[in-house]
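Okay, here's the structure, questions in a sec.
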Amino acid sequence: MEKIKCGVLGATGVVGQNYIRLLENHPWFQVVDVAASPQSAGKKYFDAVSDKWQMNRSVPEGVRDLIVRDVADTKAIPTDVKFYFSAMEMPKRDEEAAMEFEYAKLGYPVVSNSSANRSVDDVPMLIPEINADHINIIPIQQKNRGITKGGFVAVKPNCSIQSFMTPVFALMKAGFPIEKLIITTLQAVSGAGYPGVPSLDIVDNLVPFIGGEEAKTEKEPMKIFGKIGEKGIILFDQIKIGATCTRVPISDGHMASVSIKFKEKIPTEEQILKIWADFRGVPQELDLPFAPKQPIIYQKQENRPQPKKDRDNDKGMAVTVGRLRKDPVFDVKFIGLSHNTVRGAAGGGILNAELLKAKGFIK
Amino acid sequence: MEKIKCGVLGATGVVGQNYIRLLENHPWFQVVDVAASPQSAGKKYFDAVSDKWQMNRSVPEGVRDLIVRDVADTKAIPTDVKFYFSAMEMPKRDEEAAMEFEYAKLGYPVVSNSSANRSVDDVPMLIPEINADHINIIPIQQKNRGITKGGFVAVKPNCSIQSFMTPVFALMKAGFPIEKLIITTLQAVSGAGYPGVPSLDIVDNLVPFIGGEEAKTEKEPMKIFGKIGEKGIILFDQIKIGATCTRVPISDGHMASVSIKFKEKIPTEEQILKIWADFRGVPQELDLPFAPKQPIIYQKQENRPQPKKDRDNDKGMAVTVGRLRKDPVFDVKFIGLSHNTVRGAAGGGILNAELLKAKGFIK
Amino acid sequence: MEKIKCGVLGATGVVGQNYIRLLENHPWFQVVDVAASPQSAGKKYFDAVSDKWQMNRSVPEGVRDLIVRDVADTKAIPTDVKFYFSAMEMPKRDEEAAMEFEYAKLGYPVVSNSSANRSVDDVPMLIPEINADHINIIPIQQKNRGITKGGFVAVKPNCSIQSFMTPVFALMKAGFPIEKLIITTLQAVSGAGYPGVPSLDIVDNLVPFIGGEEAKTEKEPMKIFGKIGEKGIILFDQIKIGATCTRVPISDGHMASVSIKFKEKIPTEEQILKIWADFRGVPQELDLPFAPKQPIIYQKQENRPQPKKDRDNDKGMAVTVGRLRKDPVFDVKFIGLSHNTVRGAAGGGILNAELLKAKGFIK
Amino acid sequence: MEKIKCGVLGATGVVGQNYIRLLENHPWFQVVDVAASPQSAGKKYFDAVSDKWQMNRSVPEGVRDLIVRDVADTKAIPTDVKFYFSAMEMPKRDEEAAMEFEYAKLGYPVVSNSSANRSVDDVPMLIPEINADHINIIPIQQKNRGITKGGFVAVKPNCSIQSFMTPVFALMKAGFPIEKLIITTLQAVSGAGYPGVPSLDIVDNLVPFIGGEEAKTEKEPMKIFGKIGEKGIILFDQIKIGATCTRVPISDGHMASVSIKFKEKIPTEEQILKIWADFRGVPQELDLPFAPKQPIIYQKQENRPQPKKDRDNDKGMAVTVGRLRKDPVFDVKFIGLSHNTVRGAAGGGILNAELLKAKGFIK
């Protein structure tokens, strides 16, 4: 099978670098276009990125010599590109949102990592194990916006919610609706991009605040758990979430301390463990290349999950949980963990693209 | 005024070292006896401790040359010692508990940092800003146990609860009873003593488990908020606490993410800030040497409190809070911080001793 | 081709765990026997190791259910085992040395990670890119010791020297003999095993001392650069090395700051870069499975090599160098880096075994 | 005695903050003027600095409400200011150098932390224990530049050299001239200011490069060991220094691994220890407030000095050394440590000002 040619918008930032790294040797997709800001445009990708390359492996051979294109210069898009990953980090969010739709109107599916279009009603925000069906909002999006050539924008949610959303959804899906969640996250520095958090703020220190993160953590699940309406996604309103988001001095991995209050029945610990062990979603059914085989891995040792030991489970795409126990205030509590730059960023975007390909939205 | 002579049981461990460090130049107390295990007994304190000395200042002059006494050899207690700080870390908790009472029966007040006697009904567990009146259980303890020479055991609670207890109590005291607390702590490695946490477990890592810590965090407040009964402290039963305790890679400082559900009225943010700003306890009224002038310091910047910048506030004895905000699930949430080896350990013990001295229990 | 069955002595320690991890899916070797101390003996490997498992991936399927054998119980050795990796960490070094030879006398090649037999004259200490020919001491060893069944002991050197030995040797081999080396190492905590370095000693701290490490760093190169004599390896005596070894708060990767004084001619920077770029050793000629394709990788960016970005180069088996520049005191200086638990421990041992297999010493 | 009024140029940066922190309650000096960039000008100091305040104690009362002055607006200088500390961090070094001399020409002694004027011949670069006599270049500087009102510029050297200069000088002064030094430094992140090192570069990582640092480390000692000539300082040329400077993930404290080759006689270890123990300089003779009583503290334990335990020795102003031992290549090697933001920055500047006051250059 010939690989589908794709491009990366914002290819020189940290998330863009992760896309480049993770797409090396991807069985379906091949990066042939790298776009970035005017400062990088015209340089070879290797030269544009070498001073700020953060990955623990070299710039892939097939991408080193690509000439970086100005993201605004859409006339220079190579003719064989079929879709784009967006990892743009523009200073102005509304320009970023508009740029993604500019590409969509040109006929390109845009699989985005950006927060700019996340709250837009007719843009699906996907965790494929949970709401793969939300891709069906795409025709509505195209109709709403007069997009005629097959383009669209689809996004992934914030990295802070990845470590608890699938375990929570698995319980809901199994017939145990949830009423309330109180969550405290411990998030790695890589979540803030580069240069991101100054080391003076985090070496031997904790920062109990990440701008905008708590609001995203409390609101984005409502869209993901929502339903498709006539004009867009209708938000779910049956769960209350209270979140505290903190930054901690580790390189990768976001952890969440989660307390759950069920709405009706309370599952036993054995039931929960079985629900998590048995849970599979659309990516697993479709056997997508980046889909973790076991989407929710439960670690029985009492001191797990731990970022260093569990973030790379199933190539960084699985959510690892542990410490399931009774909560004296709510019903149960547990610890969730996911790899923020893989599952929570570029890896999640790639899984979204794979879903869209499998379902015919990317051709 | 001549200083009161005291001793430290378990003087060579990390908590013991903190007592030695913090008592240097104490205006009321002077260390004249250092006791430890048989391995250290007979050595000069400096020699016994030098390989494992963890403090960021030298062994104080007045203690360097004291000969370490075997803690079990009570016949060798210097005659001028009036009371003891206990920082013992015996392998068996019941032996440790018994040893403290052995000293009490010999007539020595034992101001303990250990958990061994914390759950004993007639032993006061003190945070002097909250329950200074619990020292009045001491005559009952003496009677219960036939202690006739003025000895007793008084303890301080676990370090994990110090960063939220005073702020929570201040609200209760001001007329806003609390129904539920959900708490996640982020605790420094110094809380585990020495050698404590292996670096392989915590460099670039988090450990979402600390043995016994969550149970202590959920239960010890009930005793501190309790009342004196005929035979011992009667536990408070009007608050439910759910705690998750995690270990993070910082040197010092325990942080708590706290969500509060009030029982009746909900104070406004302005009210809470005023309650915290105005709060004073018995240590402040008595102007005890180790009492923080402002027991609860509120930091207005949105990214505070932070361990590196706030743990040393008022010599490590203040609790610093911040990020007071509405909780979509409960009523309000905030972040609390305290220095675990000062306020949460030796400094807290010294404040207890100062209270007991001021109230005539240590003479 | 059927895989050669092997075992791991000391399989439950951190180095043993690394062997188990790295040998999963090895093309030539298969672990069928795991031996450890009496405390672990009789348990399934998974149960024996789960509380202290430090790897960032699960215990491999093929090893989980192996029953741990007491390392001293040689009668229970499975009949199909052809050779052993030794990762023992016995309290007494001489017992460990003797145990390795006990296995050798039973006919087993022992490929060791231990320091116990490193200074023994007739035991080869191998970095296969440098002194692959030292395996020819094995017949002398067997003769010296009356080993008749094909067993022997071969060792790898200390992890602290891996980041500079190959780059230094490449220059020597290219005709630029070296007279003096002054080296300061910055070594990761994983080098100390588990529990190893207490976190209180290394969180926000450096320790400028590692017991025995400087002596190893100064002496082991003399054996590796040595020649085979009639009875054993004759030490090289043409280089003086002065080493300072420090422990730093990172998880993995040993870095070395190296100053070189040449004995005769001084190569230009261009010559050095070319020598390093072109250098290949026996493992590359034999195309051994664990051999890095490019044994010495030069990073041109001025702030490299860095542990987080370069330790995993070529699966952790390459040495990465950078910052080649003139030294105002000696001739040139550079920075070297290698992965201490891969190239510097289990990965290095596996490469040794591959060499011994390719050369017919393991069958 | 009435305190001498002073100001801080660049008062809002990290070094400026350290001056503000360390000058609180200084017995001789009182900060009455804070100057910074136009962005901060006009604000209260507390407001200008609160978002980036990095100190572990609050903004001092006496400085909180000072209105920040634009550093270029010299007409607004308060009339009672007698001298300035300079902690400017201008983008252009030559403008910074010129600005310092602008203040000097207005009659103000400028005690600078900046590197801008360090290499200027007639500007003394002071470590008062070593070259206090270099202040006698000041009249030459004033004459060279037509400064008539008593102003001048005096600087302190780079933080990277503080941990070895005094121990090395003490040996030279005692009659053991030194020929060569090979040095590797391990430097804390606070040395890079704020925002400084991105956390992505240093969490679980080392960076073996600090821009310009090695050149400073190799060259600045030549000026400090130099002599006053007719027009300026004549550089010392009898020592060769080769330096490698690395950044490590600790908050504070610069460590140096040092190898020494003596020119003539080699002192014994006992001699060296005695020389260091007995060493006193001009600050000690003058009993200056910030002078450490024991300028060189030797720690006998084999694993010291360590940043966390030794950086605060004598309020962060002492140099702590350890691990004195034979070097197989040169003669001896040792480890040096100093607090980079105290001794190596603001504390060093304050000691310089105290010296200049004691000697009549500040009145």
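As written, the chains take the letters A, B, C and D, and residue 1 is the first residue of each chain.
To be clear about the criterion, a residue touches a chain if its C-beta (ideal position, glycine included) is under 8 Å from a C-beta of that chain, and two chains touch if they have at least 3 such contacts.
Just so it is clear, the structure is predicted and the values come from calculations on it, not from any experiment.
Two chain pairs are in question, B-C and A-C; the one with more C-beta pairs in contact is B-C. The greatest centre-to-centre gap from chain D, using C-alpha centroids, is found for A. Chain C and chain D have Cα centroids lying 43 Å from one another.
Remark: chain B and chain C have CA centroids separated by 47 Å (rounded to whole angstrom).
With centres defined as mean CA coordinates, chain C is found 39 Å away from chain A.
In chain B, the residues that reach two or more other chains under the touch definition are 54, 201, 203-205, 249-251, 308-309.
Taken as a graph of touching chains, this assembly is fully connected, with contact between every pair of chains. The touching residues of chain C, when paired with chain B in their complex, are 14, 54, 189-190, 192-205, 249-251.
Contact residues of chain C toward chain D in the complex are 180-182, 184, 186, 201, 204-209, 218, 240-242, 244, 246, 248-251, 253, 255, 257, 259, 302-309, 322-323, 327-330, 333, 335. In the complex of the two chains, the chain D residues touching chain B come out as 50-51, 53-58, 203-204, 251, 301, 308-313.
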